[in-house]
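Letters are used for the chains, namely A, B, C, D, E and F, taken in the order the chains are written, and counting of residues starts over at 1 for each.
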Amino acid sequence: MYHHIKKLMYTVKVGTPDPRFGNMLLEQFGGANGELAAAMQYSIQGLNCEDPGRKDLLMDIGTEELSHLEVVGALIRMHLKPMKNDRDAAEADPLVAVAGGGGVTLCNSVGSAWTADYLKVTGDLAVDLHSNIAAEARAKIVYERLIAFTDDVETKEALQFLMTREITHMRAFSAALDSMQKPRFAIGIIKPTPGLVDQFFNASTGEGQDGSKDYVGPWNQEDGLNLIDSEMTGGTGLHVAPYRPQPGTEDASAVDSTPVGVDTGDAGDRKKSSKREVA
Amino acid sequence: MYHHIKKLMYTVKVGTPDPRFGNMLLEQFGGANGELAAAMQYSIQGLNCEDPGRKDLLMDIGTEELSHLEVVGALIRMHLKPMKNDRDAAEADPLVAVAGGGGVTLCNSVGSAWTADYLKVTGDLAVDLHSNIAAEARAKIVYERLIAFTDDVETKEALQFLMTREITHMRAFSAALDSMQKPRFAIGIIKPTPGLVDQFFNASTGEGQDGSKDYVGPWNQEDGLNLIDSEMTGGTGLHVAPYRPQPGTEDASAVDSTPVGVDTGDAGDRKKSSKREVA
Amino acid sequence: MYHHIKKLMYTVKVGTPDPRFGNMLLEQFGGANGELAAAMQYSIQGLNCEDPGRKDLLMDIGTEELSHLEVVGALIRMHLKPMKNDRDAAEADPLVAVAGGGGVTLCNSVGSAWTADYLKVTGDLAVDLHSNIAAEARAKIVYERLIAFTDDVETKEALQFLMTREITHMRAFSAALDSMQKPRFAIGIIKPTPGLVDQFFNASTGEGQDGSKDYVGPWNQEDGLNLIDSEMTGGTGLHVAPYRPQPGTEDASAVDSTPVGVDTGDAGDRKKSSKREVA
Amino acid sequence: MYHHIKKLMYTVKVGTPDPRFGNMLLEQFGGANGELAAAMQYSIQGLNCEDPGRKDLLMDIGTEELSHLEVVGALIRMHLKPMKNDRDAAEADPLVAVAGGGGVTLCNSVGSAWTADYLKVTGDLAVDLHSNIAAEARAKIVYERLIAFTDDVETKEALQFLMTREITHMRAFSAALDSMQKPRFAIGIIKPTPGLVDQFFNASTGEGQDGSKDYVGPWNQEDGLNLIDSEMTGGTGLHVAPYRPQPGTEDASAVDSTPVGVDTGDAGDRKKSSKREVA
Amino acid sequence: MYHHIKKLMYTVKVGTPDPRFGNMLLEQFGGANGELAAAMQYSIQGLNCEDPGRKDLLMDIGTEELSHLEVVGALIRMHLKPMKNDRDAAEADPLVAVAGGGGVTLCNSVGSAWTADYLKVTGDLAVDLHSNIAAEARAKIVYERLIAFTDDVETKEALQFLMTREITHMRAFSAALDSMQKPRFAIGIIKPTPGLVDQFFNASTGEGQDGSKDYVGPWNQEDGLNLIDSEMTGGTGLHVAPYRPQPGTEDASAVDSTPVGVDTGDAGDRKKSSKREVA
Amino acid sequence: MYHHIKKLMYTVKVGTPDPRFGNMLLEQFGGANGELAAAMQYSIQGLNCEDPGRKDLLMDIGTEELSHLEVVGALIRMHLKPMKNDRDAAEADPLVAVAGGGGVTLCNSVGSAWTADYLKVTGDLAVDLHSNIAAEARAKIVYERLIAFTDDVETKEALQFLMTREITHMRAFSAALDSMQKPRFAIGIIKPTPGLVDQFFNASTGEGQDGSKDYVGPWNQEDGLNLIDSEMTGGTGLHVAPYRPQPGTEDASAVDSTPVGVDTGDAGDRKKSSKREVA
């Protein structure tokens, strides 16, 4: 159950309304990495979550993002106000001005309607936490860019508040993932094929017009990875020997979500009987 | 420049075509976490990348995903074949049967057209690597579920091949991010507000019908985080003291992307002059 | 600011999970007339509303709809559960089963992602209240149909609860519109062209295969309306004499939203100086 | 069957083409509340309508809206013409200029493609009439705003013509709904739960930064409604006593659409045998 | 101006309603190649067309497609009827059953909402005629597949009527394009680069698992085309010598649309002064 | 299997970056007629194609379009660069600037995300070739307009290169269709109804404000077509005598795709036994 308190989580003020900047800000209201996307992603993950501790985390942050939606909406509304009666401002976003009456609307900065296609919800807790860490990183960088495009001090301060919260959430999601005590690259319940999983495939070769060329780095020659060239460029290609996947071979955590699939039952049961760590 | 070799990266075979399973497989062809989404996300990031080493990585993996698109497409096509002349099979996906002629099509498992709204491309290298790690985790879990829903051995093996590659890529993207030598939660060029960044906000409280209640865990009381209750539940609420954001305060890597914004110039310059690590 | 209480507004139980019915229920979670659509439509209207009394109304109902989203989500989750490991159930919605892990997702009953294109937000208070009355009527009829398609008693009861609330909201929005004391067809600030506004145009004529023919009814011959035949069928056609629109000619309410447009200023001022009715 | 007469329903002229205003006008061609949305909503409702009188009404207005689509399209085309060879004009809408050749296109004012997600078609006549009344109100306010953003006299006159028709249609749909002689809040065939239906839930409380606070008004304390506070704020919360829904308990009209659902048969029959009012 | 006559262009009857087939038929109502797509594509092209003869053609066919939309809609409605009270039928398309009340709706066979993204409208008459020829070919093949998936004789006959009209239209559009007397591959006003335009690039090579290999055919070695191998496979690659495009070098027809662009004026004038052929 | 070579197919240079023009160019990157649309349309058709010769053609061109995507993407990136730190440039496309970091993104010129709804893939080879011919014509005209809107010589040259390739492809697809040796209007396997197929229906009549009137031309009175007036305007209307469709009556080619449908078996067999022409 939700309750709304009329007080904003952060009191917004605007020196000089800047409708074109208000338009940019819509990115964080109805955009792909904006507050509604965050609120919905975490809250729906939370609704589906089987681990009560991390479900609490998801609901905590999902709800806070709703409060952020309201804060950034109030800020945008102040910046958009001139669209009500200034034809030049209205041209910056005719959808807002003509169809939306100059108010905030559930679109991004170019007027595309918000869509749930932005969300990443798989119903696997560890995977969803990975998605959330990345989502927070994206939201942080977008706020930072918005701060750089305005001169209004109070607007900058409000955005700094919102931006900071994304890092807090990134840390919380990371801690929740760490505390599941899964090996770093253990996803789900089936182990990847040995050997093949260590092969980095060199699918792009040659030298480009901007000086780009083939590079060797930790991502293709360290951490157990090794570089394999394509048959196309004289290499051996990837190992394609058939390997029969076995559910339950991957290291699972006691708080992992129940696996999906008709023949995973045993793997799921085994996981559920593991010793429960402190939430 | 791209070149296509008629040989598939992995030779697919199908024992008994299963059109309803073919439909499920479309999730990895034209779905949100499927191979085209992966190919496009990494390739477009690569096109925009300013660091030549990691650009090479992005193009390598982006191109490999195109080859996977072809593999999974060939597999799906074998499973969908009965839709050509079996009315019952056709009912499983009339869009494929009637509009698509029983062939593979750029839709997900419920016939929604692929959209670039699935992609996460911010133009910030570190953030994009975070997004890619999460994307690979999602692709892995979806392959695993598909494996569990089919009995066809050769289909399972093909999916195991594709699934394994996602873990390889997850490791490569993680290594690339690690090698940027940025502090774990350093995103962009502006430091979050001190104090506020440590406050975990307890926005969801009480006890639920399914036994859920308020939990304490590493995500709200460890790693420097502390739990703050809302004014609504008698707490102090978050610190909202204004804080003036300063570009250039966050720890940056020499291979970070150029920051965005009119007043970030100095921060960007400073970053670019740092000592370059081995790619 | 929002707060979440772990207790559901209505405690849901399910006798026998029915995954295909769970799929139908998604219509009220992520569908065009579902709870998120209602929550977002009213909350965003509320964020933009200039009249504090009716803003409170919009926030009250917008927030209650968020609680409904949670209730219907919990109900759906119980019905979808068999999708986790029953291949037949999974076929009913492969997007939910394979991509979503068998949990609730922000889609409608055929897997189309929720979109803000469902929302009707114009920033004109009276118009928005009209849209909300219609939205509640739609939500009511959809709940009623869902009740008719399930035999599970507790599911029926939960849907009856949710359905009832739509009628409550329909009454509240109607009362709020009535209390604005605007003439029934007064929208905005420009009067429609006299004469022309009374002409009902008979654009569809003849007799159809199913016995349909031209009808006369209150909608084309009463309430001041009169039936005009097209030039195509020998009639006079509509009056097209030019008429110069004048902002401020329509009857406005003191609590109407500020009108939009460069040359409406005077009309807006006049409205704002009217005597304020009791909220 | 449709027939097209080359003459426009209203002859449009333009003094000075204004491509940025032409862009705004696209809102009424390919926008959410525009003429195609109206034409399709009413025509498809008409196609499904079982009451021949109101079906005639729906086809009359649906067809007239097609004629309006053509009128507003002709007007837009005149305003967009400079996009053909003026780079500055082309920047106002590159989609129109570069992809569309400077002509009118089925998009809204920010270039989003028209989508049937805009439509509200439930197949229940009374509900659909509610949706149509609201749709006409929205179309009226959008035309009014467009009138305010142009100085071109003949453009204003054309928009006044189109705007007036929306009010005519709003009156006709209202008369058609009234003539169904249903109680004001009777939707479908199941009565809402007594008691619960009278409870207005106070889900948003407190005082906001802009002086907003809790209000009492006709929408929460009159017309049989009473204000209930949440458990969260010390109130009793809503009545959640189970109530078993009974199809056929709500007051129906003889011209209502056949109800939907496996166990509504009886209710539907009863309705169909009621005395038929004059259409 | 449009007029609607209640009589259908083709009287539809249905022996045994088949709701799952009704669902398939939606492909031609609200699908990508369906009747609304055709009606809108041609009518909007017609609205923008500068050549009065072919504008008449576009309006003739665009209007006929609207009549087809009504015919196919009436047919679908008869097939969908069981969705009203048969739970099994309702499962075939819950969106139609639950949200749409069992009536026809502006979606395709998998419930995706119709979108103007389906349309191909460039504002260049010759190009648009090419698009229309292809659109009619697509609509024909879809009707043919639908005929093959039903046993109902009267349904087959109705679809045969509609299918036949697509071929009529394909012939008419082809005749209109031929009568423009443009060279077969002359598009617009700029000639392609000589030499380069004759080079067919061999970007896919090798031998595939299904016996595919490199082929030579009229498409890469006849009609003036010659096969060029990529540098990747030891070939010369394409000619990339710079060539300065000159507007007005391509052969244009007197009835071509006005070209688009700031520096095309002269080319456009020359074209307009050519001798006008008989419409 | 795909391979990427770091060298661009055409080396791009830009004199003066022009971010608003870069925005226009996005139409050919992530737009409806752009390079990704072409690459995906042909490659997916190729994946489904049963004729090995024309499959090779589809893969050749599909792959070349991927290389074009990269070329146009590199060009756009150079033009967009000022969006990184110039607020005015950023206003031209806030989605690119704020969310995308000033890089190229999979959107069109107004920021709408790329969607597979742009694609035309029917799985019928002849029909798909028709669609491809039209697609190339559209891509050509869009490039030509872009050339006209820039003054930058090297940008013009790059676009001329890309534009030329579209004509090459249009020729190749046309040759491939011609070489199937099908009668010009033979689509699929069912003949259209004789008599009816020759009737051009005059659904738009009268005289318009811009001098338009009824025209006679080759499209309605030649090539075997004859003009039929509607019953509405005193004509006879179309022939609607029932005609029973027979699969296998249309002239098919030996390389046609297998027909779709339960009762087409015989027709398909007959086709497959025809003498195979030289690929």
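Heads up, the rule we're going with is that contacts are C-beta pairs under 8 Å (C-beta built on N, C-alpha and C of every residue); 3 or more make two chains touch, one makes a residue touch a chain.
It should be emphasised that the depicted structure is a prediction, and the values quoted were computed from it without experimental measurement.
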- Note on the structure: In contact with chain A as well as chain B, sorted by label, we have C, F
- Item | Contact distance in steps, from chain C to chain E | 1
- Message: Contact counts by the stated rule: is the higher one at A-C or E-F?
- Response: E-F
- Message: Counting contact pairs by residue number and requiring over half to coincide, which of B-C, E-F or C-E is equivalent to A-B?
- Response: E-F
- chain D turns onto chain E (C-alpha superposition, degrees, nearest 5) by 180
- Query: Compared with chain B, which chain's mean CA position is the farthest off?
  - Reply: D
- Query: Just curious, how far off is chain D from chain A if you go by their C-alpha centres, in Å?
  - Reply: 35
- Query: Where the CA atoms of chain A average out and where those of chain E average out, how many Å apart are those spots?
  - Reply: 38
- Contacts with two or more other chains, residues of chain B listed in rising order: 1-9, 11, 32-33, 56, 59-60, 62-63, 67, 87, 97-99, 101, 107, 110-113, 115, 117, 122, 124, 141-142, 145, 149, 203-204, 212-214, 232, 260-262, 264
- Pairwise touch network: line, ring, star, complete, or other: other
- Message: Applying that definition of touch, give me each pair of chains that meets it.
- Response: A-B, A-C, A-D, A-F, B-C, B-E, B-F, C-D, C-E, D-E, D-F, E-F
- What residues of chain E sit close enough to touch chain F in their complex? 3, 5, 7, 9-11, 32-33, 52-57, 59-64, 67, 115, 117-118, 120, 122, 124, 126-127, 130-131, 133-134, 137-138, 140-142, 144-145, 147-149, 153-154, 156-157, 159-161, 163-168, 170-176, 178-179, 184-185, 187-190, 192-193, 196-204, 211-220, 222-225, 231-232, 237-238, 240, 242-245, 247, 259-264, 278-279
- Item | chain F partner contacts - residues on chain B that touch it in the complex | 1-9, 30, 36, 40, 44, 47-48, 56, 59-60, 62-63, 66-67, 70, 73-74, 77, 84-87, 97-107, 113-117, 119, 121-124, 257-258, 260-262, 264-265
- Across the complex, what residues on chain C touch chain B? 1-8, 11-12, 87, 90-91, 93-95, 97-99, 101, 107, 110-113
- Query: What residues on chain E touch chain B, complex-wise?
  - Reply: 20, 23-24, 27, 31-33, 92, 108-112, 141-142, 145-146, 149, 203-209, 212-214, 230, 232-233
